[in-house]
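By written order: A, B and C. Residues from 1 in each chain.
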Amino acid sequence: MKIPYFPGCTLKTTAQNFEMSAIESAKKIGIEFIELPRWNCCGVVASLTSDDLMRHLAPVRNFLRVQEMNKQGLVENENRLLTLCSMCYNTLSLSNLRMKNDADDLQKINDFMHKEEENYDGNIEVVHFLSILEEMGFDKLAQKITKPLKDLKVASYYGCMLLRPKEVGIDDAEAPTILENFVKSLKAETVDWDAGSRCCGSYHTVNNVEIVYTLVKGIILDARKNGAEAIITSCPLCAFNLDVRQSEIKKDNPDFQTIPIFYFTQLMGIALGLNKEALGLEFNKIDAEDILKKKKLIK
Amino acid sequence: MKTGIYLCQCGGNISNTVDLNSVTEHIKKNDENILVKINSHMCSGAGQKLIIDDIKKNGLEKVVVASCSPHFHEKTFRSTLKKAGLNPYVLEIANLREHCSWIHKDIPEIATEKAKDIVDAALAKAELNYPLEEKKMQLGNEILVIGGGIAGIQTSLDLADSGKKVTLVEKLPTIGGNMAILTKTFPTEDCAACILSPKMAAILDHPNITLYTNSEIEDIVGHRLHFEARVKKHPRYIKDTVNMDLCLSCNKCTEVCPVTQPNYWEQGIINREAIYIPAPHAIPFKYLIDAENCLHFRDNSCKKCAEVCPQNVIDFEQKEEIINVAVDSVVVATGYDIFDAREKSVFGYGKYENVVTAMEMERIVDHIVEAEPPRKVGKRVAFVQCVGSRDEQVGNEYCSRVCCMYSVKLASLLKQAKPETDIYIFYTDLRAFGKGYEEYYKRSQKMGIKFIRGKPSHFTEDKETKQVIITVEDTLSRNIIETEFDLVVLANGLVLSKSSDIVADSLKLAKSDDGFFKEAHPKYKPVDTLVEGVFLAGTAQGPKDIPDTVAQASAAAARVIATLAQKEVPLDPILAFVHQEICDGCEKCLEMCPPKAISMNADGKAAVNEALCLGCGSCIESCPIEALDLNYYTNKQLYAEIEAVLKFKKENEKRILVFADDNTTYRLIDACGVRKMKYTDCIRVLRIPSGSRVTPNLLQFAFAKGADAVFIGDSPEKSSRFEWANNVTNKNLEVVKKKLKELNIESERLVFSQFTAADMMKFITEIDQLADKIDKMDPITDELKKQLLPNKEIKE
Amino acid sequence: MAQIIKLKDKNTDFLEKITELSGEQITLCEQCGTCSAGCPFVSEMDINPSQIMRLVMLGQESVMDSKTMWLCASCFTCTVRCPRKLDLSKVSEALRQVKLRGAIDEIDIKEISDEEALKLPTIAVVGSFRKFTG
């Protein structure tokens, strides 16, 4: 299956290891990401006021690229746009929702982009890679696993953007299960904890890192308390806060017990038998290899 | 002179466009025996007197009034005829205003020609109109009460005391409903069972009440003061005789039964066996076996109860029974279910063991004073209000009205039994609106129960202590409270009981936005429904407390009594009937009628039950020899109308024949007229009860007689009185389209479309498009027309 | 010490402005406090989210000086819980916009060290500038 893929800025810069692991894992299960030609910023963060239509220009331009890819035969009849980053997913989806619900706004945006060859027709669906996996069937994924993540206790961290608001959430906003189902399909153990969809502090990491420390500490403690040995996320920003900020907490409090943070496709890659170089584990700030070695999953 | 036609000028509304003199000439030319009169306002006293005088003096037998839409003055003129001693149903209205003069104002000549066609059709139909008897339906004394909670109990007792015969159906093995689970009641704190039990016992003893417990309504047919219900009585697996209970209630069976299951009447706080009596106050006080969990039914591995029973009354072979009841009225008292708190997942009900529903708390509190209570409550107890009510996140906007007070009650009872308990009630608004409620609320505050204004955002659980941690803003001090509780009680809201659905569907009862049954009018018809003879009692209509429920239940009984006191009601005579002399008893029509109005009579011929028939006409098509027919819209009448309305169509002209259902499409076309909208002048409109009335034979006949296109209009399934009709119409259409295709005639000439009352523009667009389409087609040749004539003989 | 306020037309003007900009009918707020209790940042805030709703309803422009709107990270926790289906993240955004459109930036790019700038995820930097600069 070939699917148009929107990488977004972060996966091309600070989180290249996440992209790499996702692309390689996807290949293993027969999914090929076709990167959008000429993609631009997703428009982050989703604009929430009623009168700032222009903020939706950037997302819509990306949708046009998908339309073009179909025309050029880069993909076949594929109106879905795949994202790996929850924040991109959220921003693109919210803009798309507004375009789909408000014909006037769509018209205005199209008029504004009159230099583009065609209009956005409102038919693109933004999807997160997790949803594609779910659609394919976690049971099918389970069958393709060559290295079951036996005994590894994994806490699923959803953060905000994948679940909220409800209109774009990929799962039940309060009782999600998609990541747990993913974890089970890798044959790892799920962890029942409370902090799975608690905010990590998001972009406050830029200018209010203290808050992020507080939130991250709370999340890690809850994971510890409930026996987690690893945390997976689906968002490079969450991953940054949980991983890099956690390492800084550790620096100041040597007693602090850390938990490695994995991007979900990094664990998926291990289970699919990819070698650790393809997954960029060495870029994770909190040592990610240790626990995997302990569980005899990598050498 | 037998037929008279009155052409109304309508103060110029008609006569300024339509040349009524030319119409008069046209009529006279065709039949000089017809009496024709022109008058400026036929609906006026003078106009009506004209008709009365002519009937009396000239012995008119049929009357046509060519005027405005029948929806304006048909009733007026029918009563005019009645006054003159003529049967009102020999009247026919020709709609010259809404369907002609107002639409075609700019083209008076064409309008006049169209008016002639309309008048011809009306005359042809009037010729075949015959007196219809407005029969009376006798009302009896039988009432079905659905639901044996306090509402159903009260209604049944009131009705039975006034001499009515009541059939009371309850799905559970005992009556008493939710009230039978409650501990004490607010604000008086008298015990629920103590006030309920005497009423429950009275139900059993009353000679006028037949009680079916453990029984469900399978289906109800009927629509107006006559209903036939099918009741399915589930087996109890205990032998029963009418006069004497064989079972001695010795309890030997439960002592040996190895199964344990949560007892519903204890809300799972206490268990029961597979053979059990629901509650000590159960009525009827009879054992039953829960077949779902009994080992005998599961894998045949046990019959211990049967072995020990001294009376030998256990009967594993017992089967369910179907009981048919025919009644004059139905009282729906199907009650409420509590909101399923699992839907509000942030509160962890079902996941955290110390989060319970208020219903469970009723039982917990009821047992709390026992030496070894089945469930302890701990030191710190919280009540959380508005769970599943006033919460749009779960789709419920309404206030459930009782939960504030029951929480106050449960808290007060707990505090009295265990004064050391620290009790908090988290609320958003506290509603203590009833008599004595505010005082009761104040009493609870005096006891030291703390009311905190704030709705918790979420709970978590301390995995070791199993305490529940509530996070909530005290909106009055603006502090965030994050505290452990030993027990959290959810004040679940009320939703309509699931078992109501079957009743809602079969009686076609409307629901309000809150999901409860909708009353006919919220102010002055609060216990009636839009279905005549169906009444509401209790929480099925919306959340209410016990006093309101009982009051409303008595009100429902009073409304039933008042309704049945009419003794008889007139029946609309426009119903199906069977030409007994033609019917050959083939039974093909039996399955056709959704209200099940057709059955076979003693002579082996089909017969229509006038109390059940709705007059849709859907069945007519099913009779291969046209023995089935519909009063006022008989086959003969419709053939005659079709022929007459097309008779004077000229060589070069095109015609669309529109069959408009009386309820929606016909009125919609009226509305186009009222707004003086314009559409093609080639249409001719005939009135029918529903699209399904137009059988394939009639459709083919229309083409054979010169229609270039036929257009059927009806309301969409959802809003139709006859939700099945469109299916029949589509089937009829298929048949005719196939025929057209066989003959190489364009099947687009036959159109079926659905409208709501405001779809004027849709109608005009569609009809104009159709006119354009047929303009571009070659006319249907005479040869083909001949082949389209229905090949069976048209019966008299 | 209780503050005595007068409710004047200009108070309603402020309410209407925020209502329009956020697209949220603020008068619908029933002050249940669900939003405040669930907000991950509430302990850092000087005014609770629910209280912001209250003060905006009363047309108190003093909310513009509160830290709350800058702390709201549009995490939508309150959005999915508000029993009146109000979206507080939109109200925060509207308040921020009122300020930012007055060309006052809440964040100064020069304050971020080079080292920090290099390691930050791009999406965080872009996101925070979108939220904090006019």
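Definition applied: a residue touches a chain if its C-beta (ideal position, glycine included) is under 8 Å from a C-beta of that chain, and two chains touch if they have at least 3 such contacts.
The structure displayed is predicted, hence computed values, not measured ones.
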A-B versus A-C: which has more C-beta pairs touching? A-C
Could you say which chain's mean Cα position falls nearest to the mean Cα position of the entire protein shown? B
Subunit A to subunit B: how many Å between their CA centres? 49
Using mean CA coordinates as chain centres, what's the subunit A-subunit C distance in Å? 26
So which bits of subunit C are touching at least two other chains? 77, 80-81
Can you list every residue of subunit B that touches 2 or more other chains, as numbers and ranges? 346, 458
Where does subunit A touch two or more other chains at once, residue-wise? 174
Name, in rising order, each residue of subunit A that touches subunit B in their complex. 172, 174-175, 194, 225-226
Okay, in this complex, where on subunit A does subunit C touch? 8-10, 13-15, 41, 44-52, 85, 87-88, 160, 163-166, 169, 173-174, 197-199, 201-208, 211, 214-215, 236-237, 240, 244
Help me check something: in the complex, which residues belonging to subunit B touch subunit A? 345-346, 458, 460, 463
Quick check: in the complex, which residue numbers of subunit C touch subunit A? 20-23, 40-41, 44, 71, 73-77, 79-81, 87, 89-90, 93-94, 97, 107, 111-112, 119-128, 130-132
Interface residues, subunit B side, partner subunit C - complex: 346, 386, 390-393, 428-429, 453-458, 471-475, 478, 480
